[in-house]
Structures are given as C-alpha cells and as structure tokens.
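Per-chain residue numbering starts at 1, and chain names A, B, C and D are given in the order in which the chains are listed.
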Amino acid sequence: MIIMNADATSEQITDVVKEIRKYGLRADVSRGAYRTVIGLVGDETRIPFDHFATLPGVKEAMMVDTPYKLISREYNKQYNTEEQPFVVKAGNLKIGGDEPVYIAGPCAIESKEQLFRIAEGVKKAGAHILRGGIFKPRTSVHSFQGLGARGPEEAKEALSWLRDAGNRFEMPVITEVRGENQVDLVSEYVDILQIGARNMYDQDLLVKAANTNKPILYKRHFGAGIEEFLSFAEYIAAEGNKNIILCERGILPVGKGRSYTRYVLDVGAVPAIQKETYLPVMIDPSHAAGRRDLIFSMSCAAVAAGACGLLIEVHYNPSEALVDGSQMITPDELKDTVDACQRIHQAIKFRKN
Amino acid sequence: MIIMNADATSEQITDVVKEIRKYGLRADVSRGAYRTVIGLVGDETRIPFDHFATLPGVKEAMMVDTPYKLISREYNKQYNTEEQPFVVKAGNLKIGGDEPVYIAGPCAIESKEQLFRIAEGVKKAGAHILRGGIFKPRTSVHSFQGLGARGPEEAKEALSWLRDAGNRFEMPVITEVRGENQVDLVSEYVDILQIGARNMYDQDLLVKAANTNKPILYKRHFGAGIEEFLSFAEYIAAEGNKNIILCERGILPVGKGRSYTRYVLDVGAVPAIQKETYLPVMIDPSHAAGRRDLIFSMSCAAVAAGACGLLIEVHYNPSEALVDGSQMITPDELKDTVDACQRIHQAIKFRKN
Amino acid sequence: MIIMNADATSEQITDVVKEIRKYGLRADVSRGAYRTVIGLVGDETRIPFDHFATLPGVKEAMMVDTPYKLISREYNKQYNTEEQPFVVKAGNLKIGGDEPVYIAGPCAIESKEQLFRIAEGVKKAGAHILRGGIFKPRTSVHSFQGLGARGPEEAKEALSWLRDAGNRFEMPVITEVRGENQVDLVSEYVDILQIGARNMYDQDLLVKAANTNKPILYKRHFGAGIEEFLSFAEYIAAEGNKNIILCERGILPVGKGRSYTRYVLDVGAVPAIQKETYLPVMIDPSHAAGRRDLIFSMSCAAVAAGACGLLIEVHYNPSEALVDGSQMITPDELKDTVDACQRIHQAIKFRKN
Amino acid sequence: MIIMNADATSEQITDVVKEIRKYGLRADVSRGAYRTVIGLVGDETRIPFDHFATLPGVKEAMMVDTPYKLISREYNKQYNTEEQPFVVKAGNLKIGGDEPVYIAGPCAIESKEQLFRIAEGVKKAGAHILRGGIFKPRTSVHSFQGLGARGPEEAKEALSWLRDAGNRFEMPVITEVRGENQVDLVSEYVDILQIGARNMYDQDLLVKAANTNKPILYKRHFGAGIEEFLSFAEYIAAEGNKNIILCERGILPVGKGRSYTRYVLDVGAVPAIQKETYLPVMIDPSHAAGRRDLIFSMSCAAVAAGACGLLIEVHYNPSEALVDGSQMITPDELKDTVDACQRIHQAIKFRKN
C-alpha cells in the first residue's frame, strides 16, 4: 500500500501508478477526504517498498500482505486441521503434535563422561532429545568457547560422543551450528541443527543449514520482532525445508535498574506465533531466565501458554560447569519440572476434549 | 560501593573516604590489582550516589543494598514462612494466599445496566472481585475517556453503580485513580484502588493513595525495570500502607515489524518478583495481549508461573464496547479461562504437597 | 484502513462497510490478489480502530491519517513558510525562530542565594531563560524532593525567588509542574510551565496546564515513540493552546551491560519531528547524558541537528548540589558550550543563505 | 565483586573465598552493616562470574574491572596524549586524527558504470574513502542480495571494479564481509573490511577478519549496549589487530507507534565511547535515518558530537537504486553535507585551540 501526502499532485499519483505497473501489479487508487491511498493488486513481495517510499509525493509505502507466505497458516490451509497438524519429525519423535517434547542436556559438552552421565539423567527425568553445545557463542573472548574451538579433531570427537550418547540412551541429538563452515561436519552426526539467537539474521547460515534437509531448531534473536523472526524463518522454507522448529528464548529487558532475569521471556509470542504459522514453537527457559531458581516456573508458564516443548540446560553439578552454570538445573530438578509440565499439559488438553 | 579509576591518587581515595564519613557511614577500602574499590558500611540509602559519582577519581558509584527494604523479602523474614504468608485482604478475600484471585469486569463502565449484566456474568464465571473503569487513560484526545470525564456528578453516579453491583453480587470492587484529585472521591466507594501503568512514577498519587489505607493494585509501567518498579512501590509502603498488590501488564516490545501482541507479558517477572518481595503479584493479560484470542493462553501461563491472580477485562458483547473491545472476552470465555487456570493451579500445588 | 483476512467472506466485508458508514465515513473496497483492503473516506479520528479490529474477518485495522492534525505541518500550511515560521513567545523571546534559545539553571532550587548566584552565572554565560526545579520527580523515596515537597509556603517562597531572579537578571523563568494541583500556583509566578517526561501521559495535567495559556515545555517520555509523543501533545493543542515547545531528553537504552549514558539522546528525533510538526523542538542534554563530561558534545550535536534550543542544568559547584550533581555543569562550562553552539549554528545557517 | 545475601553464613563466605583463591586471586572481605561484599584482588577476567553467582549465599557476582582492557583508554595511557593520538591508517589516510574522514558510495554495487559514476561524484564532493556493497544482508529472502550472491565469479568481478574505482579516483576502498568464507577473497581487493551490525556477535568472523591485519570498520549491533560492543571489539584486538574503527549506526527505537527514523542514532555514544577507548568512532547516518531527508542534519550532529568520520550511502539517482534507495543521497547533497560538517568541525576545533 502506498499512502500519499495530503498535498500530492495528480501527476505524482499517476507516476506512482505507472511505477507499480512496471512490477506487474495493478494499482487501486482510493481518494480519501484528506489524502490518496494506492492499493496494490498482485504479488506484493515483488515490490521494493523502500524504492516506492522515495518517489515524489509518497508519505509511506508498506507491505499489506504477509512477508512469510511459505510458513503462514493463512496461506497453507492444508495444515490447519486439528486432525492432521503439521509436525516436525526427528526419528520417531513428533514435534508439534499432541505431546510436549523436552530437549535437555548440558550447555557445553566438557567430556565424554560428563555427557553420558547427564544423558542418562535427563533420559530418566523424561527428556526426549539430548542437547549438548560444542561450538559456543560467548560474550567474552577469554571464556570457554566449547570443545569445537580447540580444533577440528576435538570437534569431531565431541560430536561422536553426542551421537553415541543419543544412540545409547535412545534420544535424537541436537547441537548448535555457529557458522556455515560447521554445517557439513555437524550434520553428519546430529538429528537436528540448532541456529542460535545471535545467528538469527545470518542468511548464509540459514540457507546452508536448510539444504541439509535436517530439522532446524531456530531461535529468535533477543532484539527481533515476531514479524521479523518469521520473515527470516522464510529463508529456510524458501530452500524447500519446512522442518523448522521455532524457539523463543527471551528478548531484551526494558527500563533502568536490575531486571532479575537475564532476558524477558515473551510467553505471549507462543500463541501469537501459532496464529501466524503452522510451524511448532518451543521455549528455552534457561537462557531467558539466566538463573536456575526460575526455570521451574518459567517452564510451567511455557507449557501452559501452549509451547510444543522446552529446551532446558541440565548438569549433575551446575556449580562445576564450565559454561552457564548459573542457569542449569540438575536431572532431579528436570524431573520435577517435566512432571509439573505434564500435569499442566493435561489441564489444558482437558479443555479441548 | 565506590569504584575508583585505575589511576586514582591516594588523595582522591582519602577524599572519598572522608566524604562517606560525613554521611555517618564507614568506608572499607579494598586495593585491587588494578583499581581500588571502597565499600560502604552502614545505611546506604542515606548516600547520594549521584554526588559521589562526581568526585575526582571516581569511576562508578552504586548502591549494593536493596533500595526497597520495606517490601523486600530479605529484610522481612517474618513473612517468609510457608505457614503464614503475607496476604492483602479485601473484605473476606485474601490476595496472595493459597488460591488465585480473579478480578474481572468491563474496561469502562458505560451504563448501570451494562455493568450489572457484566457483574452477574463474571460472578457466575468464577470471578472474586469486580472491576470497572471510570477514569480512563487514553492515547487519543478524541476517544471515550470514561464517564468520569463527563464531570463530578457522572463520576459519582458511576462509582455508586460499581458499589451497588459489588454489593449485589457479593464482590469487592476496584477502579483506577488517574490523579491525586480522584483519590478521596473514589476511596469512598471502592475496596481497592488501582494505580495504572502510566501513573507508576506519579509519587504524589502514590502517597495520596497510600494514605487511604485501602489495598492498592499497583501496575508496572511498560518501560520500567523490575528494580525500579519495586523502588516506587516503596513509596506506598513508606506511608505505612503495605496492602500492595503488584501487577505486571506487559512491557514495550522490541525489534522491527509487527509484534502481534500489544505489549510483551514479562511472565518471568512473577517468580523473579516473588523472590524479591513478600507482596503478592498479579498479571493483567488483557492489556499485555491487546487481543482477545490470546487471553486464554496468557492467563494459563500467568497462573502456571505462580501469579496470585488475574485481572481480566470482560464484556458480554466486546464488539459493542466503547473502549478496548479488541481485548475483552465474554463471561463464557472467562469461565473457560478460570476453569483452566484452576486446573493448572492444582497441577502446580500438587508439587508442593 | 481495514485489512481483511485472505479468507474473509463477502458477508464479512459487507458488514465492515456497513459499520464504517455508521460513523459517517465512506468505504472504499479494494480487492487484491490475495486479500481485500478497505479504505476509509472521511475523518478517521472518529473511527474506533480497536473496535474494528474485533469484527469477524478483520486482520488489521489502522489509522492512515495523522493522529495529530492540530499540530501537524501537513495540515497547517500557514506555518510552513520560511518567512513566517511558527514561534512560541516568552516575553520578548522567540523560541523556534532564527536563533537558538538556551534555558539554564539549577536542577533543584536549594536557597535564594544559590539560585541568584547561578542565575547571574548563566546570564553571563549567554542563557536566555532561567530554570529551577521546585517540585522534583525522584526515583527514591528517601531523596531530596525539592523545596515544594516541604509544604505550600516553602513552594511559594521558592517560586517567588525564581520570579525575582528572573526579573533581576532579565530572563523569563520556567519550572516543572508535576501534578494538576500545582498548576494554578506555579502559573502565577513563571512564564513557561514544564511538563516532565514522567508526566508525558498525564492527560489531566496536560489539559490543566494548557488552559493557563502559558507556553508549555513538553518533554518526551523515555519509553514513548515519536508518533505517540505528538499524539499526546495534541491534548494541549486541543485546548486551544499551541504555545508548545517539544523537548527530547533521552530514551531508554537497549542491550546488556553498561551504556555509559543515562539515556539515549535521540538526536534524529529533532529533524524527524520538524518534518511532522511546526512546533519548535528543543533538547535537554543534561538528563540524556546523566554525566557532566558529555554535555558539551551532546549540546553541540543537538544544535547541529537543528534543535531550536537547549535546556541545561547548571550549578556553580555541582559536587555540592542536592540533586543530580553528576549531570550539572558550571557557568564557565555553560559559556564554553553556548559559544560552541553559536559557532555551529552559524555553520549551519550558512547553508541556508 | 561478590555480594552476599544478608543472611549468608560464615561458612558460605569462607567457601566463596576459597573458590576465589582457586583462580589465583585474592579475596578482600568487607562486612557491611547489612551484608558482606567480597572484593577480588587480581585479574578478574579469569573469574567465571556465572559460576560464582551459583554458589550458596551469593546474591550477585559481577566484574568490577573493564572487560575490554586491550582497547581501553584507561589501560593504554600511551594513546592518551593529544600530541600522539591513536589513528588507524588506510593508505595515506589517517582515521581518528585531526580531520574527519568521509566514506561514501552506493549501498550496493550494481554495475561497473554505476560504481564509477558514483565514485567520481563522491570524490568531487569531498569523500576520502569509497564504499560499495557486494554481499548485502537483507531482511527479505526475495530482495536483491548484492552481486556477491550470484556466485564467486560475479563477486570477484564486483570486487575488481571496486579496486579499480578506488585506484582511478585515489581513494582507499571498503566493503562488507558477511561471513568467514568471504574474508580471504575480499581482503585481496579492499583496504578496509567492514563488519556489519548484524554480524557484531559473530566471533568467528571477527577472528578471521582480524587476522588479515587489515583495518576493520566494526559496527555496533542495533540491540547491543556500549559495554557489550566494546567487549566484542576486544575479540579483534585479542588477535593482535588494533586497526579497529568503531561505528555507531543506530539502535532499536522504543515505544508504540511510528518512530519516523529507521533506527535511533545514539549520538551520545560517540563521546561516551571516546572516554572508554582510544579507538576512533564513526557514525553511519544513512542506516540510522533510513530516509534521505534526515541525512544532512544527522551528519551535522555526528561531527558536532566529535565523530571521526561518516559513512554515507550515495547514488546519482536514488530512486533507481536496487537497495536502500530511500536512504541514499546524491553526490551534490553529499557535497552540501561534507561542507557543513567541515564548518562544524572548525567550530568545535576552535575550542581546543
């Protein structure tokens, strides 16, 4: 839609209409009491709105249509039915189906023994998928960057532990890829690729990861609006890969003074995103909270809001962990959390029946 | 705590220490490898940190202690027991006790008939407290500002309807006061005073309202950090009124593009605030969502996170409402919401037992 | 404009059109390739868009027109001329004319002697208007709240000092009103009323202040978008008072970690607001910076961006000040700042000639 | 610094002290009136504060020291002198010296002819360095992604045009690298590598780019605090490359409604960053504004604030540009802008002499 200035001339209006036609769309001119608005009839994704905003007499130019048609619920009615919801499959697991899925494991893999011990713990606690970080994005140059930072051999070794632990405890496995160059290697070993919040805008990584055809757990950036998040998820879908699991992990806090959570968990994003897209939406309470004593409550809230699953960092001894110890919980605490979430899930499901 | 520059001189350090003593505190000088840090021993609330930040050689000056001691959990151990939690009483109702409390009613009172019809509806749906707006804060000068804007007689009449509806359907009643001048009048009629998000910083209103000794439902500003919110709640407590119900109603969204909820519900603020203060914390999902189709999910999330209650806008015909129709639900939808929230509350309570 | 869902039925479209007519506007239906968009022909300010957003089949409802017509440049061509720009007058001073106007004085008035000494200093330094706080909005309940907090007599006394200092040093005077109840008293003494950032949304205060017909220096809230700021300024204009000086004083910072300025000075807001409204726009670098060593640079930036003036806090000995010492500069530093700003103003003016 | 809970036990305090010693630091225990604070004596960058925050009895754990020592002014006194300021050299050009440096060119290179025509224009207008985008980060998957997206040969060809244009018009050249894989290729052709805002957190890219030893123009992410920005710049310096030019390009706007600039130019970040680091700081007004009619004012503000240069997008016919036409200015407008900025620079320089 093109909104003209109140004093736009007829020539300016005509010029805009001509310009619209160049892109193969039809213009629908509506002369209001104060100003003229020009609607676009056709595929708006072909229109460079930035360019139109620069034409003489134009006040504002904006897309009315959905910028993420491939993943939108409105344009993909086939996935709207209760009977046949859209699910992402990882092995035998269905993500986005009737039951919440719990992904758990250490923030960073430190050793084979550490990983196996945690894997066993989370399996017993009710987790379905095993996570473990190998390439860690860190704020400080001096922090532990994950075993992947030590070299390709160390990366492969850690990946093989993750694969083995998944096989041993019968869970699909997931790890984060932080750059294009890690995609080929990592996808040899894992069932799901994770793209972290800081890489949300990395279109090269999105394209590369999409082309593995593996399911992708895709996290929202802490400074991204929902529309923007979905528009970037469209990059993955545009490569023909719709096995996308969206994940909210907290946005930037507002205001002065302490906020007491590392980020703000945008729990309303879960039902809001579910209205917009058929893709499943998860929550990562660990990064949102940044402190372990809030994980239980924030997990409960996430499942109550309708999240299709949780991504939780777990360590048998959080105080010993090399990375993010403050936000990890123990396997026992995970069990307590999963149990409560399951009761909550039943409480909500009850409504549907 | 005063952090000195790496190149601060001994004289500068000595001067800061002297200045601290002027305020009756003791200084504890710690010379680090790179810089000196000066701890303050005594009541830090007496220290003007802004002033200390201006002294020569000072890099940073900040309060280590809690700026909201009167309402902090840490400094009021008497309220920390499971057996005797702190509750705010409105009539026979206990807010902050074992059971969630549901406050419901129209955004704005439009007529006696409208109010009574809604009051009857919300009572049947399970609400405990009746709300109804008389003085409405609105963004546009041309919108309906509530019956209170029509003059003192209209305000009184609307207040008396609210009182009568409360009596008739046996619910305490609450309405918002938007300025100091409304406090005396409103407190004659209602059981709880509401201070809205836009007035969070209005210290004159806080003091005036506190002195009625009525319970105060106090909403967080959409641009305020949690520490700031609690620091302003301290204004109320400092007047000797601890009957404060804190309420999270959504903060500013981040990022470009559409966010699909009017505000971001900071659900993690519920458990985070509960760690900091003994005061009860509620959630207002209506303003956070700004759209009725998300109220159910966001209410469930709020109760799952441990909120002591909900504040929900209800209308028998939202499309007819003069204000905020887009975010109001019907009494039937309220019943559905309350029922689910009660099931969720049981699911969480189960853990404690 | 009403944007319909892609699957909206003809009946739904017809119903929306009927509803639009109820409000006296005409509907212009544009059927696109994917969805229908309905334009509104007439005065959009009469439309409750919230209500329309709730109608069946509606995806989005939004105002296309300017929500602040009274103060908009587009709707008030008479003020668009270079020859006869819109200016706000305070005594003989013109704000918004050819020359920048400097408002300076202490954050809080502490004594008659303090005020007169500072007044003399700022006059010599080149200031045109004298400021001094009497009713101070403060974050902490224990801080100095200004002499106005001590009682009505103390408030009157401080106001009379301000008046006297203005007369003595031939400068119009300005102080902040923090609530409706202070307006009558304050407007007896001062030439310009200031409405602070925290009160930006206080419509009762806006209306009350507007009706004094005094010029009003109106500050943007630190969490307010520009459109929202201008929409609230419309409250003042709607009372028939267009003597409004807009003032940007910094918005909330983003991101994690220290930001090193108290707020973020939105310097681009100056030219952006000037395109939207004919009202003059000032900058308050003191509150934006929160530290005195950045005032010079931020003042220069403000004038270079085209601000019609500055509001700067000054104290002969900032370290002694009871409030905001960290952000006040000395009269000598003010002179240095004003001199540089005047050179910059010439540098820009040069372009116009 | 470790802040203990008010009720921390002696054992807990002792345990924290022991833990500190494990990392080779000394603990300085300060028992306050209400709580104990433990200072750290030694190199705080070796301390995992996250881990300490999880120890029993700990309320808060934070670094007091600067997390970016390599680039901090405080720790590198050798660059603090007026006589010998730190400058980044590109060919014969000094960035961060006495005179502002203007970088200009098209947002995206479209053809050799387009680039040469613009290069000639910006040179005449007073630019010192030529920019041109080859790998473009874009929000929509359907937009023009730059010639680099068409394949390696097209990328090389565009890079060689850039090199040739730089040689022909005697300007060093700069282009953005969007990922690790582009670094080797790009650094063969250009004098300065640009790392864009969306890649600010991409530590792999930072390390790779740093190792070229080329100067790096490093942009602040729109959601990053200043401390965070500088902490990530430390990644580059840690590789031994201090040829870093910091660049502010706008942060996320706050509030509801339209903001009228694409981002908020944090002009106060210029002097604030200059106090913290000796590295030069530039401003990119084009991306901050997002609209060409504000570039002049925002450029003036930037230079007035003390920026060491500007990065401006230029096109001889912005309406024809494939990318970001709305924010590009013409060579003539650039000349007007540079001329005004130079006059402003003189106006400020005058003060120093």
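Here is the rule we use: a contact is a pair of C-beta atoms (placed from the backbone, for glycine too) under 8 Å apart; a residue touches a chain by one contact, two chains touch by 3 or more.
From a predicted model like this one, the values you see are computed outputs, not experimental measurements.
With steps allowed only between chains in touch, the distance from subunit A over to subunit C comes to 1. Ranked by how far their CA centres sit from the centre of subunit B, the chains are topped by D. Of the two chain pairs examined here, C-D and B-C, it is C-D that is joined by more C-beta pairs in contact.
Each chain gets one centre point, the mean of its Cα atoms, and the points for subunit C and subunit D are 31 Å apart.
Subunit B and subunit C have centres, each the mean of its CA atoms, that are 27 Å apart.
Residue positions 139, 221-223, 228, 231, 252, 254-256 of subunit A are each in touch with at least two other chains. Considering their complex, residues 1, 3, 5-7, 28, 30-35, 37, 39-43, 64-65, 74-75, 77, 139, 223, 252, 254-256 of subunit B touch subunit D. Per the touch definition, subunit C reaches subunit B in the complex via residues 45-46, 48, 50-51, 53-55, 67, 137-143, 145, 178-181, 198-199, 201-205, 221-223, 228, 231-232, 234-235, 238, 252, 254, 291-292, 318-319, 321-327. Put simply, subunit B touches subunit A in their complex at residues 221-228, 231, 250-261, 264-273, 275-276, 288-289, 293-294, 297-298, 300-306, 336, 339-340, 343-344, 346-348, 350-351.
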